[in-house]
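The following pair of complexes shares a single chain, chain A, combined with chain B in the former and chain C in the latter.
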Partner chain A sequence: MSMADHRPRSIPDQLTTPLARALKSWESLLLVVAIGIFILNSFASPYFLNAWSLSDATFNFTEKAMIAFAMALLIVAGEIDLSVASIIALASTAMGVALQLGAGTPVLVLVGLGTGLLCGAFNGVLVTRFGLPSIVVTIGTMSLFRGISYIILGDGAFRGYPADFAWFGQGYVFWVISVEFVIFALLAVVYGVVLHKTNFGRAVYAVGNNATAALFSGIRVGRVKMILFLLTGLMSGLAAICLTSRLGSTRPSIGTGMELEVVTMVVLGGVNILGGSGSIPGVVIAAFVMGLVTFGLGLLNVPGIVMSIFIGLLLIGVIALPRLWAKLRRA
Partner chain B sequence: MSFLKSREAILTGAIVALLALVATRYGAFIRPANLAAVFNDTSPLIILALGQMVVILTRCIDLSVAANLALTGMVCAMLNVAMPGLPIGVILVVALALGAALGAINGLLVWKLDIPPIVVTLGTMTIFRGVIFLLSDGQWVNSHEMSASFTGFARHVILGLPVLSWIAILVALVMLVVMTRTPMGRALYAVGGNPHAAVYTGINVGRSQFIAFVISGMLAGLCGYLWIARYAVAYVDIAGGFELDVVAACVIGGISIAGGIGTVGGAILGALFLGIIKNALPVVDISPFWQLAISGAAIIIAVLFNARADRTKGRVILKSAEVTQ
Partner chain C sequence: MKDGAHWGAIPRAVPFFRPAGGGIMQAMTNSPASGETPVLALDQIVKEFPGVRALDGVQLALYPGEVTALIGENGAGKSTIVKILTGIYQPDGGDIRLDGAPVRFPTAQAAADAGVTAIHQETVLFDELSVAENIFLGHAPKGKFGLIDTARMKREARAILDGIGASMDVDVRLRDLGIASKHLVAISRALSIEARVVIMDEPTAALSQKEIEELYELVDQLKAQGKAILFISHKFDEIFRIADRYTVFRDGQFVAAGKMAEIDEAQLVQMMVGRAVDQIFPKRAARIGDEVLKVVGYSHPTEFEDINFSLKRGEILGFYGLVGAGRSEFMQSLIGITKPSKGVARVAGDIRVIRSPADAIDAGIVYVPEDRGKQGAITTMPIFQNVTLPSLGKTSKNGFIRLAEEFALAREYTQRLDLRAASLDTPVGSLSGGNQQKVVIAKWLATQPKVIILDEPTKGIDIGSKAAVHDFMSELAGQGLSVIMVSSEIPEILGMSDRVIVMREGRMVAELAGDDLTPETLVRHAAGIGSKGEAA
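Up next, the complex of A and B:
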């Protein structure tokens, strides 16, 4: 073991960052990549540089990014939630059931958010009260939540959502600025402030860097993690509202595989998968990068499953390349 | 006495109770011929669970097994369509080798670049599925395109059991010997039990994890051919989500996700438990749509159970303080 391993881990979220270091940061690298993809896209397809096209492109990431913000905090705190896509399925199914019982839009929204919160609470209790590893718990709830949707819906679907419910996924606030994009932007600010400017945010980093030390510093580790699981569930409920509203129907297979894209977005945004470091601006830029890549490929008629190869490569490559680089430099 | 308290004994009891319960609703379920059919149906799950067990023992997880199975299966099917005369022996070697190679990709990323296994295998899971689409162009390979010997091999009955079942038994026996009677098996347990101590004993932790992924991949590849042969169809989404059943079988079988704890018998019994539930659902008039939720609930209950079993041993004081927060 080298001496470097014995130095205490510094908390990476610096309060004052010199300009030179900011330019070399992961976020600015990502920004360059995002701009590069933007320019490539505009050369690749004549339909790309158009206000409505660009507005459409945002739908590729807004729902996933809502979850990614909460997931980023959860991963920084050293936990993970793989059940988010299944929470979407269950929340959407619950809304469908409420719809059958004659619920209006306000009730549907409450049902969606409430189901998400309950699912998050279920994960959180299992992890914090019973001390179970979050990976296994959420692999289990990933089957359980979607399984309940299948029990309720079988191979059927819920349709006929009220017209005003469509506002969330299909509405526009102003010209080409969609409702979903506004929710995304507001959440980006809220989560950025929470993680980087509040005591709670500092506690999240502390828990992720060293849970034992955090406990001795008077941080309620279990409570911090519980809140983060609740937030992730709530955001999945919100994403379920937007997705259901956009698609106009609920099937039990809704959002399958989305957990992978959310985790990829968070990791691409520079959040350490082992916990302890990461930033919200990074996740925001990563959301744009992923949205632009998938939209660009879509314009080039690349099928969805081939895009998933890119997402998988992106997820592994983003973690592998810096480590490979560090290894080569050391050698 | 200690055997009666072991996970294997509890699971055996649970399986017997489950069979008795099903038998009260439908007596023919426990006829030997039907039990043999259930075993045959569960054989791929048993083989995959044995591979997953090795990976989980070394503190890793392999979520790419089902995608590996589907990719290898598709390659075998396309090979058969292109060269119908190719002997089954060659196809088996191709399946084992390709599966092992795909597993080695996971293993190398974990060993050489130290990337968390969950991230690696989530990534390769989607990549493998995407590659199947690229290879097959989204087309199905149907039974009439496959040769009779290709699909017949897995169903060929020897001594009352199909070859598929015999392969599962063979794999179980080999794994039993490897895990309990060889230095490699001991090393795999040591790596998961205490990686730091393993290093000081002269065991290469990363290399052991690599070997675990290769074993898991190889068995997934083997299942790939057997699966395609049995169902006589190959397409992109084959065995979709099956990795969750495999992990569930391991967790139910008492294999600790924290590594180092678990037995071949446990993995087999865990797989059989799930297999019996799956086969019993239609018999007792429960919609097959319940399957997914039951697997999920089984994972959570089993992991709760495992955690309680772990807690009887010595614990760090702070850990309990952390939990009670």
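Up next, the complex of A and C:
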């Protein structure tokens, strides 16, 4: 460091290799947890290590994960959508109404996706045009969307979906590989590429880290957020199609409480709830972790309420442990 | 070479201090050229961050009733040592002695309990609390049942404020006060906790001349009370005005310490930058070409009215005015952050409708904002991603990121600005202020603009970095870029601009060039004193 040195210094691009960073990442830790739970499950129940059992296990997370991918992008961008489960109810109800009017499967799918998109647009306009905080807006629309379902359906239910509609939630593409699992896997790749390999993904991170500086840097912040709300709505519509197809009926209580499981999945996957960081691989692993835990407990005949206690503890545990560990090391 | 020895506390290149009898280990406790003992003494302090050794065995001593100026360029380690003194960072090596006894400050509270308090660049106070609550937050007088004794708290706050000649109401909320009053509250807080060591980190950065004078008086009062003061500033005039001693750091290393009376400005600058700074404003005569930007009748309902000017290729146009004259507001409107009520902007003859910064970038107009941390850089993201953010269209293909091209672009422009960083993927927030500014400027140059607007480009950065920014500005103008520089520093405006527009209360009140461009005319027009004919 001689003082007369005025040549431009060359700055290395990166100090650590991408592999070294990947090994130390949250995603790696989560993967270890997933493998651990898998092994525990196979010891806990003789029925677990069976191709059909494992296939059944995936249904515990596929629909939630579809929404979780879009939700991950939305949370990285510093926003949130708590109305997703209610969008499912409204989209499913809309499909039921279309069914009563004689719609076939293609129309039902369009109605489901269209309703999701409209709900997302409604949330997005309120947040981006009127500058309202998304957590408040979507708590409001959470009641609004499901409320509309209740008005239309009351205590009743729509049944009698066409046989080919059952393909989405009950069909298999090949052997034990379900349609839902294939949709999940395709979406994982698409969202992974969008968030990590495109300019749009970079804009999402920029907005989540500092929306003002992103705006000053020429990012169209409002447009980015609007697109993310539309995507989240669309994914909720897709999840509504799968769930309705799997259950074979629509009730206004469909998917109740699912928004919290989706957010849990996203946060468990390492997405910062305050925005700015997180990854799709993390969310994918988190989906498997949650699916394996609920399925494993199900095999052991653990009641549902205990399961949700377990999921809650798991979330707090995996979030708190690394911080406690860091604190202990410093002390 | 000169920094080969890491083993002792012998200051390198110390001009006025030689430890008697080769007492290496006592070099610190024996205060330089004085018999008294320091209140607080740091020795051999080391602090490392990934890839960077921010402090490399530095020493610092603070004496009762004396002001010690800590001098160094950006990145010299000044902020790091303040964070160590206030318990925010833990040193990786070295020791801290309070009255000669070793101490540790594992938390900010521990430092406060030991009587060390800091008044920061951006004052750390609470906007929603009252003046009295701010002064006594954390150590309010308690009454019955351990509840806060509000009456006594207000009484004591009143007494402290009166003591420093501050007249503000103790009940008023902090957000309703100006920046100068906030500083007074911060100082009152320092007094209320019986501080023995007061750290003032660029306390005058946001103050007017009159307020600065008042601050000096306060510093004198604190000295009279026997407090040891660490004063960090980039302004040499004020260092010479109030400091008794100096300590110089450079690149994380201790350079020298001594008494102000025994040194002059040139020597200090030399020690600080490690070279002589002979020319502060390197304005080169650039060839001024055709008109690039023409602004006609830009107006805003509340902030500014009827702004008209034209800007030529290779020209540096200064915008001078007092704080609040509407200069930044106009610039932000020009790049589409806020909407003008009327007005037209022509770039190279074509009318450009600019509704967002993205439109402005397309039109070739870019803006380096004054508020680096909030508007300029995304401090939590890596350097290279900050640089390429407005240029992603260039480094990508069909919307897909190409990392190699991103790094290449970031490397090219950060090297042109002589950025200093451990690697291009470190977060911008880990850099010093001057280097952060370089990242922001690199980001905008990478878009290859026609017009670059620099809003207070050298605010809060040290002399060395300032000179680098000025140098670069001239170089850019020489290459045919048009520069608009908003500045409140008269020497900078005079030294750098080809032409100056003065704004007052949202209006252009003068356009000055050549012989009309003097400190007197600038101040006269900006303040609206006896302005007869307005120069055109």
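As a working rule, the second predicted complex is superposed on the first by the 302 of 331 C-alpha atoms of A that agree within 3 Å, B and C clash if a C-alpha of one lies under 4 Å from a C-alpha of the other, contacts with A are read in each partner's own complex, and residues count from 1 in each chain.
In this text, contacts are C-beta pairs under 8 Å (C-beta built on N, C-alpha and C of every residue); 3 or more make two chains touch, one makes a residue touch a chain.
This structure is a prediction, so every number in the text was calculated from the model and none was measured.
Of the two partner chains placed by superposition, chain B and chain C are both touched by A:T212. Contact with chain B, but none with chain C, is seen for A:F130 once the two complexes are overlaid on the shared chain. A simple residue count on chain A separates chain B from chain C, and the partner touching more is B. Once the two complexes are laid over each other on the shared chain, residue contacts for A:R220 go to chain B and to chain C alike. Within the superposed three-chain model, A:R159 lies out of touch with both chain B and chain C [touch as defined at top].
Contacts of A:L313 after superposition on the shared chain: chain B is touched, whereas chain C is not.
In the three-chain superposition model, chain A touches both chain B and chain C at residues 212, 215, 220.
Contacts from chain A toward chain C in the complex involve residues 1-4, 6, 8-15, 197-203, 205-206, 209-210, 212-220, 276.
Put simply, chain C touches chain A in their complex at residues 1-3, 50-51, 250-251, 273-275, 337, 356-358, 360-361, 367, 369, 374-381, 384-385, 389-390, 392-393, 396, 399-401, 407, 411, 414-416, 418-426, 443.
The touching residues of chain B, when paired with chain A in their complex, are 61, 109, 112-116, 118-120, 122-127, 129-131, 133-134, 138, 236, 241, 244, 247-248, 251, 257-258, 287, 289-297, 299-300, 303-304, 307, 318-319, 321-325. Interface residues of chain A, counted against chain B in their complex, comprise 80, 126, 128-133, 135-137, 139-148, 150-151, 154-155, 211-212, 215, 220-223, 257, 260, 263-264, 267, 273-274, 303, 305-306, 308-309, 311-313, 315-316, 319-320, 323-324, 327.
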